[in-house]
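Here come two complexes built around chain A, the first alongside chain B, the second alongside chain C.
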Partner chain A sequence: MLVLGEVQTAMLMHAEAASPPLAEQVLALVCGERVRTSHRPIGYAASPETYTGVDCPIPLRSGGTLRGVGTLAGRGTLTGGRVLQGSVTARITRSPDGRRRPWSHYLSHPGVVETIGRVDPAGIAEAHLLTEPASSTLEMGAVCRRLLVRVQQSPHLNQKSPFVAHRTTLRWAAETGTGPDDERVRFTVEDDGVRTLRLVIGAAEACDVIAVCEDVALHDWLLTVLLATVERSRIGAGEPAGVVDRLRPAVDHILHLWMPAARLNRDVMGVWERLERRPGLSRQWDNEVRRVRDQIATAAVLLNLRRAGEGGVATLDGSR
Partner chain B sequence: MLVFAVSDKGGTGRSITSCNIVYRRALAGHDACYVDFDFGSPTAGSIFQITGAGRGVVEGGLHSYFGAGNAIVEEPRRINVWSESARGSLRRRPPGAGRLTLIPGDRDGAEFPPDPDALDRCVRLFLRLEEEFELCLVDLSAGRSYATQLVLQATATPALRNVVSRWLVFHRWTRQHIPAAAGLAFGRDGIVDVGVRTGHDERRLRDAIRFVRTAVVDPGSSDLAGLRAAQIAWLLDCHQDLLELAARHRVGRSALLGSVPLDPVLQWREQLLSDDDVFARDVANRETIAAFDDLARKLTDPVVWESP
Partner chain C sequence: MTAADAEFQEASAHRRIEAEPLSHLSVELGHFYHRDLASSFDFFAGHYRRISRWAATARADWAERLAGRRPRISTCVLIDDYFQTPARPAELVPKLVRAARSAGLEIDYVARESGCADRTTGPGRWSPAELVEARLVEDPPPGTTGARPPATQTGWLCNGRRSPTAHQPAAMKAPVPWRPPAENAAINHSIFVDIQLWDRETGDRRWSCAMLAAAWQLLRLGMLRDRGARAVVPQPLPDPLPDAWDRLPALIQVNPAADPFTAYRTLSIVAPPLLPTEHAVRTILEQVAVDPDVRSQIEARERGETIDPPAELVNRIGYLFVDTGVVRGAGSG
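Coming up: the complex of A and B.
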């Protein structure tokens, strides 16, 4: 089975982390359908699935295109009341008789896009990951953006972010059903917040594959935001109090959200295990978190010494 | 924060000053973005010295986003100035600096007529920029334009009502420009008048407007030491007259954000002033950069934005 997807991750535009009831209100994107929520080990809410009909050319690695007809499945999710994701996916299958069928057929297979013509899974997957940042296969990026803007402009939110954070886009392609020796996981970080994830894994349900890709996108975003905050804090160059002030948004809103593979099925845990070996997202995260805490501890010590110095006790650099 | 830059007349130095404010903000570590809503003349690319985008981008700019280009796009193009500027001193992001992004118009784009879809697109664009940038400066064309009306409508919608919006009215320090700037802000079909009609609260909107004086000759400056005593006395008289005129038009000190001195580099070559231009090459004046820094800082200083 070939599944393509795109996940865009952003900061929810609300001054405080959204409470579970608020999360349910802002994610109620389909009238009359329930928002799924869970509270352990981390607050999580997912909107009902939305479907978008498509009849578009799917680019191939060879440079040609293939006609794809069906529906994209999309949803918005909110983790920790703070991290908002728009996620759009398509399961790609070949139309059995090679003909365009009436819409009623496609509507009875939500989230499936049938190709009219022969499917080359690897070729479609590679072309999907290589598309220009401004465009995307089957206009998945546009559907993601629409999902996000619907949530961000919700009247239940106050549209005041605690700090600004760049959005990231994860494009992913997964082929399932391969033997254990052929399993592959490739994660790349491109310019302008674009990341790609290519999975070739064993038997797994589409919903579990989607969940692991959303989880990778979430944690990559957290890491990206933390790295940007640390870089701007001017550690070593600015006044300690100023450095801590610039690090504070990360401490207040980001550090407690790191929880890789919190809700994943066993079939896809192997993906995280491989990512932790290389590139080692948790290793980098832990390192940066230690750096943030060391800065805060150092600033506290310096402040105490300065106060003591004002009382006449010698300070670190020997001045009074 | 959304900041809208307007001027009643052309040639006030609105765009060049705005670009420099955005640049100083980015240097200070903030993510800053310049949005070229001067639809009739989208030339901000030349100030940032972006190769191939001096008069706007070939496709995918703001005109295309608003359906006035060759093909409609879902998102307008973003240009990362730190990596795409042709100017060496701009091409490396200094350590600790924020993102510096230009959202350009389309080449040979023109003003376009009102369109019901444009308002929705404008709201989505501003919300997205507010999410990703600490400062988003929107440069509007001179005079009363459709673009000004569009952004007033957009900022009055519920989705943007809580977002901080501020207005900078640029004017030269002359007898002709002072009443013109006041008229644009408070006169008939001016910002407040149109704003109230689109649903803004009059008091709040008035409090969100400040004036920026450009190309100001300071009669007390040491640069004028070579002038004759009679000339200096005459300059002082003129300056006094203008101060009184400004106060009469409610464009006086309490509504002033700051002044930019007359600088030959800005007059002859509209460009970003880097520290290099002042300290290494010694072509620009230190006071000009200080004025830009001051404006950039005051944009977010709560004391400055208290009710006058």
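Coming up: the complex of A and C.
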């Protein structure tokens, strides 16, 4: 099975983390359909699936194209009431009779794009990851953006972001059903907030593959936002109190959201295990979190010392 | 899964879908427009006499398919009370039932057409027409990528690519050469249709007959849910019948011994002048993505009865276009 996808991750435009009822309100994208929610191990809500019809060329690595007809499946998700994702996917299969069929056929298999002509999974997957940021295969990015905009413009949100956090895009392609020796995971950080993820893995359901890619996108965004916040805080250059002030939004809003593979099925856990070995996302995250906490602890000690110097009597544990 | 793995689930993360009781076939015994609804008992008796043999054939067909098992078949009638107000229920409903009986037919369920446009008693209180509209996924003409925003709020739905000349800006100097419209799934030649789903003639959104009939077909197939709950549930016949249609439930069960209203398949026995409307209904339904979980639930029930589910939703819907006598007021829209 070949699955292509794109995930865009952003901060929810709301001053506070969305409560579960608010998450349900903003993700109710299809009337009459329920928002799926879960509260453990982390607050999570997913909108109902939305579908977009396509009939267009699919690029191949060789430079050629195939005609693809079917629907893209899209959904919005909210993690920790804070991190919003627009996620769009297509399972690519070959049309058995080599022609476009009545539209009702495609709606009987929602989320599937059938190719008219020979399928070359690796060629389609590589071309999907190589395309320009502005024009992804099947224009999945446009669908992601519409999903994000629909949620962000909800009248239930106060449109206030607690701090600056740029949107990131993860474009991914997964081939499943490969033998254990051929499994591969390739994660690439490109320019302009674009990342690519190429998976060649064993047997797994499409929904689990989609879940692991959304999870990688989520954690890559958290790490990106934390790194940017630490950089902006001017550690070592600014006043300790100012540094802590600039680090505080990260402490308040994102440090508790790091929970890789929290909601994943066993079949795709291997993807995270490989990513943890190299590049080691958790290792870098833990390191940055330690840096943030050290800064806060140092600033607290300095503050106490200053107060002591101003006439108070400081004790070793900082109390006066 | 190894023995050391724990399983953890949260109820709200999974979707419960309320099951409908299901017949094998839902037979619509004619579709009356307002002008016909003012007719005499003899008009209706003649109508039912003409269609009774076709209804009997449908019953025989299912008896044969089920090879000895009793077919569950329910009958229904849809009354147009949306575009105009017919004679009061206390008068019309008994007249229809008696006329059908005079031809050996039993009307099991009577539905109000405005029941497809009214808020239901479901959890989200969406109307069936709104539930259908939310599930429309437009048939894309060749060249369509995800960049095209979905259903422009025009209230029109087509089965292909429109002719471009209609959209030519007045200020353009060089006229765009005329191009024909094209049906997406054309076989050699196109049969292009452009269907109006609603208008605002009356200020508020007024659904078209085709859109309401599409919702009606999906209700009969048990394919509509409001947050997992059945969108419309048959109610017992009120006694006495009210004087106003809007005081009648959207769907009433006239025959207490009837088989379930919803069915695996529908058959509508209607007059040929209704063909354009039904073509529009079919075109709409070809572009409705019903909830995959609802569909699989119904398919599982069919397989449990050793019936092969059709591959596509529209294949569940059948028609007999036959002479049902004079039809006044039928037409598109």
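Keep this in mind: the second predicted complex is superposed on the first by the 311 of 320 C-alpha atoms of A that agree within 3 Å, B and C clash if a C-alpha of one lies under 4 Å from a C-alpha of the other, contacts with A are read in each partner's own complex, and residues count from 1 in each chain.
The working rule: a contact is a pair of C-beta atoms (placed from the backbone, for glycine too) under 8 Å apart; a residue touches a chain by one contact, two chains touch by 3 or more.
None of these values were measured; they are calculated from a predicted model.
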| item | value |
| --- | --- |
| Overlay on chain A: chain C relative to chain B, clash or fit | fit |
| Partner chain in contact with A:Val30 - chain B first, chain C second, else both or neither | second |
| Chain B versus chain C as contact partner of A:Met11, first or second or both or neither | first |
| Which of chain B and chain C A:Arg40 touches, first, second, both or neither | second |
| First, second, both or neither for A:Arg61, with chain B first and chain C second | neither |
| Chain B versus chain C as contact partner of A:His156, first or second or both or neither | neither |
| Inter-centroid angle chain B-chain A-chain C after superposition on A [Cα, multiple of 10°] | 100 |
| First (chain B), second (chain C), both or neither touched by A:Arg94 | neither |
| First, second, both or neither for A:Arg291, with chain B first and chain C second | neither |
| First, second, both or neither for A:Pro110, with chain B first and chain C second | second |
| Touch count on chain A, higher of chain B and chain C | C |
| Which superposed partner A:Tyr51 touches (first chain B, second chain C, both, neither) | second |
| Minimal inter-chain CA distance - chain C and chain B, angstrom | 7 |
| Footprint overlap on chain A, comparing chain B with chain C | 139, 141-142 |
| For the chain A and chain B complex, residues of the former touching the latter | 10-11, 13, 134, 139, 141-142, 145, 149, 152-153, 155, 158-161, 164-167, 192, 231-232, 234, 237-238, 246 |
| Chain C residues within the chain A interface of the complex | 1, 5, 8, 10, 12-15, 122, 124, 126, 130-131, 134-135, 137-150, 159, 184-185, 224-228, 231, 285-289, 291-292, 295, 311-315 |
| Contact footprint of chain C on chain A as seen in their complex | 30-34, 36-40, 44, 51-56, 67, 69, 71-72, 88, 100-105, 107-108, 110, 138-143, 146, 266 |
| Footprint of chain A on chain B - complex, ascending | 29, 31, 60, 73-75, 77-78, 80, 95-96, 98-99, 123-124, 127-128, 130-134, 158-160, 162-163 |
